[in-house]
Every structure is written in C-alpha cells, then in structure tokens.
Amino acid sequence: MSIELRNIRKTFGDFVALDNINLDVAKGEMVALLGLSGSGKTTLLRIIAGLETPDAGSVRFQGADATSLSVRDRRIGFVFQHYALFRHMTVFENVAFGLRVRPRSTRPPESEIRSRVHELLRLVQLDFLADRLPSALSGGQRQRVALARTLAVEPRILLLDEPFGSLDARVRQELRQWLRRLHKQLGITCVFVTHDQEEALELADRVVVMNAGRIEQIGTPEEVYHRPANAFVASFLGNVNLFHGRIEDGRVFIADTCLEVGTANGGSPSSGKAMLYVRPHLLEIDRAPRGPRSFPATVRNINPAGPRVRVELTAEWGDPVNVDIDHESHRRLSLEPGARVFLHPKEDQVFIYQI
Amino acid sequence: MKGASRRVLPGFGLTLGFTIAYLSVIVLIPLSTIFFRSAALGPADFWAVISAPRTLAACRLSFMAAFAAAMINCVFGLAVAWTLVRYEFPMRGIVDAMVDLPFALPTSVAGITLTAIYASNGWIGRWFVLLGIKIAFAPLGIVAALTFVGLPFVVRTVQPVLEEIDLELEEAATTLGANRLQTFARVTLPTLMPAVLTGFTLAFARAIGEYGSVVFISGNLPMKTEVLPLLIMSKLEQFDYGGATAIGVLMLAISFVLLYGVNSIQKWSARRLAA
Amino acid sequence: MFENFGFIAGATRHHHRPALADAPVVRIALIALTLIFLGMFLFIPLAAVFTEAFAKGASAYFAAISNSEARAAIRLTLTTASIAVPLNVAFGLAAAWLIARFDFRGKQLLVTLIDLPFSVSPVISGMLFVLLLGVRTPLGGWLADHGIRIIFAEPGIIIATVFVTFPIAARELIPVMQAGGRDEEEAALVLGARGFQMFRRVTLPNVRWGLMYGVVLCAARAMGEFGAVSVVSGHIRGATNTMPLYVEILYNDYQFSAAFAVASLLAMLAIVTLALKQAVGRRVASTIRAAAPAESIEQKAA
C-alpha cells in the first residue's frame, strides 16, 4: 500500500507544526522521518494514522483518498512511543485484542485467534511470555509485543513512533537489526519516526530530514549523508566542521586563505557569504603543505581511544577543527599538542552553501 | 479535506450533552431558584433581613468562630502533618487514617458526641468547668465543633507537599550553618505556605456553612450562640422562606468569594513555584 | 538516654538523612501535641459514641437499633445511597472522560461548576429543593396535584442527597483518567475497537481503583448527610427519617443512649469507610504515579 501526502499543513494554536508537506512512500518501502523534537515528524506520522487531522492537504493510500477516513477504517498499524500496551491484560490478550473486537461477521473463531496469536508471538520470539502482564516485561520485550499486537490485524501500513527511543543502546541495536529482517520478510510499507540519525541511516530505504515543520531533504541514506542538499542537512547528519567563508568570482575564501575548493554547491557561483562543511574523516593532516587547498593549523588535543584517532586543532584563522585519522597515519605523523601541521580536504568533499 | 475540529477519541458529544444536562438539572436549576426567589423579595425587604440585628450577630459569630477554628486547625494541622510525614511512632498508620474521620462521620453523630464530651459533666468539659470555662452551649463549643469538621483540611493539603519536598534544600541550609528551627522557618515553611493557606480557606469555608455538628452544641440562643446556618434553619421552621432565602444568598456570596480565593491562591502559588 | 527513647517514639522517617533529624525533645513534643490534639477531637469522641451507646446495657442497645423506626431509617438510608451513588458515579465517568480527553472552550468553567455543591452549606442545599419543589411552588404544586410529593417525602431526600454528593465521584475519576493518558485508548481504536468496546475493555479497567474510591466516598457521604436532608425531610418519624436524622430525633427526645446506639452504627460505617479509603487510596495514588511514561526494567535497575 503506497502513501501520498499532498500539501499537508497543521497548526496548534499559533505554532506551525507542519508547513506544506509533500511526500510519496512507495509500496513496501521503509521510510524514516528524521528530525529533532518539534520538527513535526511525530505530528506527520499521526496524521497518516488518522490520530490527528490536518488543517489542509490530503492523505491518499494507493491512490484512494483517506483524509476523511477514521482511524479504524484506515487499517494501519501504529506502534506508540511508549508501547501503549494494555496494562491489565496479559501479553496474549494484548495481541489478541484487535481480533477480538472485530464485528461478529468478520471475527475469526476463538481457536483461530489463539493459533494466530501464538504464531505472532513465535515470530517475535516471545511465546514463552504469553501469560505475563506488561509490567513484568523488559522494554525490549514490550516493544516486540506492541509490534506483534499491531501485526495481528494485518495492517496495510506500519507506522512506528520512536520505536526504540527509550531502550538501552545494546537492546536498540538488536531490535534495529531484527526490525530490518522482519521488514524484508513481510514486505509491508513502513514509516518510522526517529531523532537518531544512525537508526535512520541504518534502517531506512529513504530518509526524510525534517526541520521546523518542513522537509529539508528526501533521499537514500547515501544521498543525504554524502550529498546534503543544504546547510541544515549537512550539519544534522554525522559530524561536521563548520567554517564561515565568502565567494568571490567563483572562488571560495576563508579569512584570507583562498581554498580553491571549487564552486559552490547548487549551481552558478556568485559573490557573497558562504558556509563550508567538511566531515572530520575527510580532512588529511600533513607536516608540509600539499597543494593549493592546504591550510595551516595547530594541534590542541589528541584522543587515540577508539577505532580512529580524534585530533582537535585550531585553524590558522582561529576556528576549531576536528579531524579523524586512522591509527597508522597517527603513528606515521607522530603528532603532539602544539605541533604546526597542514590540513587539506579530500577532493570534492566540501559542502558549500551560500547564505 | 476536513477541518482540524474532528476529534479522534469518541464520545465527545455524548459526554458533553449528558454532563451539561445532568449538571443543569441537579445543580444549576436548583441554585438559580434561590436567586429568583430572592429577587422576588425586592431590595428593600432583602436589605431588611440582612441588616437585622439577629442576622448581623449571627454573621459576626459565624465569622469569628470559623476564623478561630481555622486558625487552630492551621497551627495544629501543620504540627500533625509534620509529625505524620517526618516521624515514626506506634500506630502511625491508624492515626493517619483517622484524620479523615470528620469527613466520614455524619455531622449529627459528631454533633451529639461533641456535646456529650464538652458538656459540664462531659469527659473533657468537666475539666474546663473547674477553670470556669464553659464550652458546650457557649461560643467556645461552636469553635470546638468547627475545629472538628475542619481538622482534615489543613493536614491533607499540607501532607502531600511535605512528602514531595526536596530534602536536599534542607540539607543545603544545614551545610550553610542554619539550625533546624531556622531551616524550618526560612526554607521549609515558605514552601508550605500556599498549602497552609489553601487548607485554611477550605476549613474556613466549611466552618461557615456547617450545621449538623453545631446545632447540638451551640444551644441556638439568638444573638448569643446562633450562627448563620442555624438562623436559616430557624427561619425555615417558621416558614419565613423570604428571610431564609435572603440569608441563603448572603451565604452563597460568601462561599463563592472564598472559592475564588482558593483558586487564586493555587494559581498564584503555581506561578510562583514554576518561576 | 533521649536518643534511645527517640528511636521508639520519634525516629525520623528519613533514616538516611541524619543532618535533618529534629532534636529528640522537639520530636517528642510534636508527637505528644499531635496525639493530644487528635485525641481531644478524634479518638475521644469516637470512643464516647460507643460508651454512651452501651450506657444502658447491651439489650437496650440492640432494642434501639432493631425496632421498626430504626429499621425504617436504615432502609431509607440504604435506598438513598443505592440511588444516589450509581447516578453520580455514571455522571463522574462521563465528566471525567469529557474533561480528561478533550479540550474545549469553557472547560475550566465546567470544572468549577461541578465543584459548586461542595461550597454550598448543607442547609442551603436542602433549602434549594424546598424552594424549587415545595408544595407552595409552581412546580411542586403541579406535582402534588398529580399525587407526587417530593419535599417532606422520600424523593426529596434522595434528590437532596444526589445534589450534595454530586461532585465526589467526578473529582476522584478526573485525575485518574488524566494520569492514564490517551495512548492505550488510541491504540485500541487503531486496532479496530469501537467506542464502547474501547471504553469497556481499556478505559474502565484502567480507572477501576479511582472508580472504587469514588464509590466508597460517595456512598459514605450519601449515607451520612444530615443538614440538607434535615431541611427536606419534615422529620416524619418512620417515614422520612434517614439514620442521621433519626439520631437527632432520639437525641431531642432525650433518648440519649438510643441516639448513641444508632449513632454507633454510623460510626462503624465511618470506620469501615476510613479503612477502605486507606486500602483503595493507596492503589489510586500508585496508579497515578505509575502512569508516567513506562520505564523498562533495564532502566529501573540502572
């Protein structure tokens, strides 16, 4: 089941939560809505579900207008941020709920309900907890029960609100991989909300980066990470060094240094101020200048504890710079605090945005 | 394209309709009757009743007795709340439960019991008689009865605040050199003040309107030991509905002012603590 | 020496904060003050009810509470409660759902209006219904012509009791329903439940302690109301007396021990109410506390 959102707008009093949102989700796709709190991502998810009504705009499922359909009639599955398990019902009863409240005509017989519930619980590997109450479960287990409960009614679309937000790092990792396997297995259209970019980049087929009620960029994880469309996306995803510079006659300058880093992203260069973003692992350190794009910097701090070595420096013009190098380079360079070195960005890996 | 006014959870119309209908029938219509009736009385007659000496005497006694009782409950209620929250002693749980007795006990039962105890030959009254103090059938008896009915108010408004209070604030004061009394007066008490005020006002409001506990112990002597609710009852028994209505309106006005006062205190304290 | 004594009577309930321990003298003084104050106003009166009730011996006691007038009073008290409580609890559920789940203009006003009967003196509460439905009023007169007596008859007592106990259940249910949050109900809707299914299967079980608490408080108040009922009853013995009224009649007739005998029944009811309040009240408080966003077991252990 595909989703088409057109011109969605939503305000709460004076606060504009969503401003002219357009989005297409293909059938079977897994899409992440990524952004900070207040970016509107949860509101958008709830509008798709029918738990909020937009002030303007339309929601279509597989071409059919769903804007005026009630929550029940949309036949979507929704996993809440805090699971919303029915706390006085056992795990079994929770998962069976959707089947038991069906009108008599469509309700399967109790024996079929029982077998379906157990099948789902086996799918989420929780069959042995069927008689427990939610309060006796860990967070990760509750999450899986919430998922099983949603899948019981065979929804056409699965919506998840910060599904792993309140879990430990390790449990989160495991559940992420598990959800990806499940999605491959079921092939269901899936939209999830997260503020964790690692999660979005790891799980999603496409990422929708949102900010203050607007969509900043829609693209595959690779696209949004390596080819950010604007300054917000560049600084939001991954670590990044930020420099203020200016463009003159097509060339880019920071302070007095002309960096020759090429033309500004996004078309014809002109004169004016610009922001430059470089990722820490895309800067190289040398003891001597290496071409027109090298600039001097002084080492402030070195942190070798980790898969790569973190070097903090101050550029010649005063800005702080963070560089990630591998341990081999670190050994070769034998850096120490106070050393004067030269940095240069790898080819084409500087994001330049005019402001 | 539906507007944002559609609600997701069901039952709005149904519950709104039922709530308003039930509220109107049970509360609003009866309450409005009293205002219509007093309006029918005419301003001159209304004023005559309100300003009659007997009414004024009852007013004075009601206010003073209610104030005295509320003050007693403030002081002792604070002590009781502190003791229940901070100290351990045998049967603390039972004492804590018993604080709600004035809420649970019918007022006529309280009334006859307090009269029996504080009468000149009663278990407590006889000791005060030795000191020349008459409690039952005197204004002090009214104060005693009103203290009883208002007892839970201050305790129950202060208790939750005391339980939630951040002890680190008191520890900080101690490290800065304050002794326990100073810590209490400068750190703890200001935090408790809104709750104490709320409790006081609630106890006061309850005391002004109290009937059952007072009617037995007061003796109902007009101009001496008659409070406003007793005056109303007296007029009703004589079928002076006009007079009763006028005083009723007066009492309602007082109640609403006090209710407004409580709400204001709570709003003010919420703002103060949030800032 | 005081240290040891202080442990038995006056140990602080914050054992891990020695800096905040009040001096033993202070502790003992406050505890003594508390016990004396509560003794004078709570414990002694409660004891006195039972002492006076049995002043003329056990057989007089049982005669006082089992004669026909007493039985009529008991019956009327129970009837009144069994009508007032379901009505006001149903209202309480509707009002709680409305106020806890929806936003609308005038909501604050509605909440204030619901609280109104609490701020009205009992005598005035009764008087309202005399003025509205008494035989000399238009409405009351019309009803009397059709053979329906409200004031000075049972229906008047019931309706006055309904007025007085009106806000009780709602006041308990609103915070409990608010604390529960809408997530579970939204989840039920998403899973396909209809309105009443959702209410019956999800909402009611989640508020059951608040509901029970509201029922206990409402019933206690309904059975114990005196002032308002006194005004509308007309004090007709054997017909329009509830137990609290019957106590007054016996007392005014100088049948003191009989009055206290009936009063002792009400006192026992009060004690049961207090016990239930403690038991259920603790569950209600933990419902409200537990309804904060669910922590996982890992986080609880951390």
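Quick notes on this structure:
By written order: A, B and C. Residues from 1 in each chain.
One rule holds for everything that comes next: a contact is a pair of C-beta atoms (placed from the backbone, for glycine too) under 8 Å apart; a residue touches a chain by one contact, two chains touch by 3 or more.
All figures in this text were calculated on a predicted structure; none of them were measured in a lab.
Of all chain pairs, the one joined by the greatest number of contacting C-beta pairs is B-C. Of all chains shown, C has the CA centroid lying nearest to the centroid of every protein CA atom.
The chain with its Cα centroid farthest from the Cα centroid of chain B is A.
Chain B and chain C have Cα centroids lying 16 Å from one another. Rounded to whole angstrom units, the spacing between the C-alpha centres of chain A and chain B is 56. Centre to centre, using the average C-alpha position, chain A and chain C are separated by 53 Å. Among the residues of chain B, those touching two or more other chains are numbered 8. Residue positions of chain A touching 2 or more other chains: 51, 71.
Looking at chain C, one finds that residues 186, 189, 194 touch two or more other chains.
Within the complex formed with chain B, the residues of chain C that make contact are 8-14, 17, 19-20, 22-23, 26-27, 30-31, 33-35, 37-38, 40-46, 48-49, 52, 91, 94-95, 97-98, 101-102, 104, 110, 112-117, 119-124, 127-132, 159, 162-163, 166, 182, 185-186, 189, 194-195, 198-199, 220, 223-227, 230-231, 243-245, 247-248, 251, 256, 259-260, 263, 266-267, 269-271, 273-275, 277-278.
The part of chain B that touches chain A in the complex is made up of residues 1-6, 8. Partner chain A is touched in their complex by these residues of chain C: 183-184, 186-194, 197, 201-202, 205-206, 293-299. Residues 7-12, 14-16, 18-20, 22-23, 26-31, 33-34, 37, 76, 79-80, 82-90, 93, 95-102, 104-110, 112-114, 116-117, 123-124, 144, 147-148, 151, 167, 170-171, 174-175, 180, 205, 208-212, 216, 228-229, 232-233, 236, 241, 244-245, 248, 251-252, 255-256, 258-259, 263 of chain B touch chain C in their complex. Looking at the complex, you find that chain A touches chain C at residues 49, 51, 71-72, 76-78, 80, 82-88, 97-98, 101-102, 134, 137-140, 142, 149-150, 152-153, 166-168, 171.
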